[in-house]
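Right after this note come the structures.
The two complexes that follow have chain A in common; it is paired with chain B in the first and with chain C in the second.
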Partner chain A sequence: MQVLRSNNLIINVIIVLIRASLSLVFGFLPTWASGNQGKGFDAGQMIGDHILDAHEIHFFTLHEGQPDEVHISVPLPVILYSREFGWDVFWSSAFHHGREHQTAEHSQNATYSADTPIHTPKQPDHSELPPGAHAYGPYILYKHKIYLAEDGGLRLGPDGKPLNKRPLDLSITKNVAGIFLAFILLFLLFRAAAKAYQRQGVTAPKGFQNVLETLILFVRDEIAKPSIGPKYEKFLPYLLTVFFFIFTCNLLGLIPFIGGFNITGNIAVTLTLAAFTFALTCLNGNASYWSHIFWPPGVPKVLYPLLIPIEIMGMFNKPLVLMLRLFANITAGHIIILSFVALIFIFSALFGPLAGYATSPFSMLFTIFMNLLELLVAFLQAYVFTLLSAIYFGQAVEEHHHSASHVH
Partner chain B sequence: MNLVQFIMETGHYGMAGIGAGLAAIGAGLGIGNIGKSALESIARQPESLNDIRANMIVAAALVEGAVFFGIIVCLLVIFLK
Partner chain C sequence: MDQLVSPGIGLIFWTTLAFLVLLFLLKKFAWKPILKALKEREERISQALSAAEEAEKRLKEIQLRNESLVAEAAREREAILKAAREASEKMVAEAKEKAAAEAQRLLEQARENIHNERMKALTDLKNQVGMLSLEIAEKIMRLRLQDEALRDQAIRQLLDDIKLN
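Up next, the complex of A and B:
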């Protein structure tokens, strides 16, 4: 028996090593062994888990589907507000402890947990929960979203989506953690560069300062100056911030084995960025910018009812497309990379493990190729976002000299 | 395979798939044209490379915008079925 156990240990170590080497290519591990255990491999589920936001940074799972299943992940703080239970703050690991242990042990296991609300009507009965759902106090985590338990359970609608109410979720999710990480990285890098300039003046840059100086000059000379014109200095801080933020977030999404951040592939993040550009365009729009929207020059007055709505639509159209472009490009890149990896497991599930092994070299080659392509896209999308923002600012501050021959 | 039969069998999903494919064809034609013209112009006037590149990307972005609307409609067909 002892020999068998040590054999198992060696096999486990080998499997972990294979998983770790696989995960060098992409951010997190899919349900590796599911093909061997009779469960079908669900590529859509795997890709969804990666693309969507989550309440933890998940690296991989050991002993998948077995009683001693271990999730290797970083828990993140969950911050919830609901009218019934008020504010609640606890670590997301509390949900996963609740699965194996009884609810009474929660507060011991969670590193930091708010007191379980006293007026909880009924503790959720774990047997009532659908598979994949985790309960903690009155909250149920199901498919990366938190719901309020109703009579201790989760009501699923006909389409498989829960009908329960959701609390106001202000948690530090995976995306928010990724944004914080980007903040910290950028702050440290730029502070070091700024100190170097302070210390030795404007001389030849050293070390990482080289990269930053090249990129900053690129944004200033290639993006801001030609697109905005003489008033470019006012917008340079925003353009630099947005460029470096998007670029860092895009690169974070490509670094494997750190949990697979998909920050700029989240439409809420890109919406916020595009909203900043929109607000700055509107706030800095001069008289000529607004008059072009509401009193298009050189156009017969009869066409005003037709043209003004189109101009107003165009005003909102620009940030909308800005939002969609970044979101769609980054999400599509992640999906393609993950699909190539998923091919291994799809073949493995269809034709046995040998087919999976045979597929993996080709799959890995394509994955590496796509990763390199995404490196280009990461830079290009940051550039395009900044360039288009600069062009919109340029349109807003441009001084028109109207004449009869003015052509649009 | 008969297109009508395909649409009848796959319903909304098939339509959305065809729509996404058409959007991709449009993007390919549009961006391909932009790239072709940009390369020709750069070959003629290599000194104006920077101006041409910036304008090329803006034009490509506008084409992409139109394509995204097509793809979003396809997604809406699937999600709001």
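Up next, the complex of A and C:
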């Protein structure tokens, strides 16, 4: 197990290194291409649109760059709260409706809580809005984020970022929809598997149940048992859920044409998952776990002021690293795949369509290779997150026997 | 791209909610029954394995006992055969002895019979010889008594003899 773990670590490090070098090579391309706005393709914009969260599930665009441009996408519910306007719920498609409908629709749909003063939102004038911004009532959607209109417009800072206030945005975004999708998939899948177990009684598993069982046993026997020890059963539901959740979300991100989910490549998601691990570690930490942090054993008292802050930092470092690793790995994978695809269009935009066609075989070859690598990474990152969570739980519940052999 | 590393409150909220509900639902409807079934199956398998092991052990024991039984039977057969052989030898010896004794007895008897017969024959012979002697003597006497002188002399002599008694 120890060997396996260090192997994984090495693989992980290698993958990250490959990624870093690839990012260095291709990272400049999007910015370079961004400078060629006039040529009609902005790779940075395309990649950004993909990996960032959005208020709609966007499939593709017809007649791009032409007056009759049509976005084929699924609108999602926008749920907003602001002190000024209270709760507001509407479809994200409202942002893209024509200006003439806005006033009427908003007054019909929007509901304001009674205690907020009645206001007549000044309709933002589209001419005041920067390109790419869409307004609906007092809200402005700009670069996937919703802002409160100020005097009917958007105030941009010197760095191009809006200075407007943001409402509390609890919208069902693309990633939330993805999470719900993963939720439904996981629940149906495992409910069916559980039913199969209950129906068949004690027999060998069949079909897909067999695949699930292999993974469940992998989590139980390769992750939970060796990392946590005899108390593993308590943590097993969490570890299994987190493993399959991350794995499913990772895989969802690899399926093309379903809207390009990048759930585990969003820092909010990994932050939440890491926070769960952190909370469980703290809640289950026994006396010896805490005493190791606040009274490090076998250390002269003089060093306490130095060591205790380090130990406390370590406590927070663990979930922080957990959060960043998953986020960075998945995001980097998406960026690289998209960069390879973007290469075709960059070459096409720079040197004409022929160059684009000539680039495509190589680009596709690399994309396929990266997709295969991402399949491995999808599993590996779910495994690493679960394994590290299990190790942290193991440290929290471990009974330390202060013997001479105990070295820190 | 600083949007990339600034977590959205909404997503945190929904992730937390979805994950907690998922954790609860899966724990109740999936992990519990699945893990229970897996555990049961493992226990069943380990039980079956230990039972098989037990059976094998018992089989071995039985084999061992069978072997010892066979060995014992062989030993017993040997003993019985030996005893039978001994008995038969003894019987043969006894029969031989008996036969010898009988033969001896018969011989003895025959010898005795022969002896008796001989004695009888001898007695007969003696008697016959005696008779013959007497007859001869009578004949001689008759012949002698035919002579007067001689007859007188003999009567005198006999009378003398009787006087002496």
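Note that in this section the second predicted complex is superposed on the first by the 343 of 408 C-alpha atoms of A that agree within 3 Å, B and C clash if a C-alpha of one lies under 4 Å from a C-alpha of the other, contacts with A are read in each partner's own complex, and residues count from 1 in each chain.
In this text, a contact is a pair of C-beta atoms (placed from the backbone, for glycine too) under 8 Å apart; a residue touches a chain by one contact, two chains touch by 3 or more.
These numbers come from a predicted model, not from an experiment.
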Which of chain B and chain C A:L217 touches, first, second, both or neither: second
Touching partner for A:V299 - first (chain B), second (chain C), both, neither: neither
Chain B versus chain C as contact partner of A:R325, first or second or both or neither: first
Chain B versus chain C, judged by how many residues of chain A each one touches: C
Partner chain in contact with A:V384 - chain B first, chain C second, else both or neither: first
Contacts of A:P226 with chain B and chain C, given as first, second, both or neither: first
Partner chain(s) touched by A:V70 [first = chain B, second = chain C, both, neither]: neither
Touching partner for A:L273 - first (chain B), second (chain C), both, neither: second
Complex interface listing, chain C residues touching chain A: 1, 3-16, 18-19, 21-23, 25-27, 29-38, 40-41, 44
Residues of chain A defined as touching chain C within the complex: 48, 51-53, 79, 143-145, 168-173, 175-176, 179-180, 183, 186-187, 190-191, 193-194, 197-198, 201-203, 213, 216-217, 220, 236-238, 240-241, 245, 266-269, 271-273, 276, 331
Chain B-facing residues of chain A, complex: 222, 226-227, 317, 321, 324-325, 328, 383-384, 387-388, 391
Chain B - residues contacting chain A, complex: 50-51, 54, 57-58, 61, 64-65, 68, 71-72
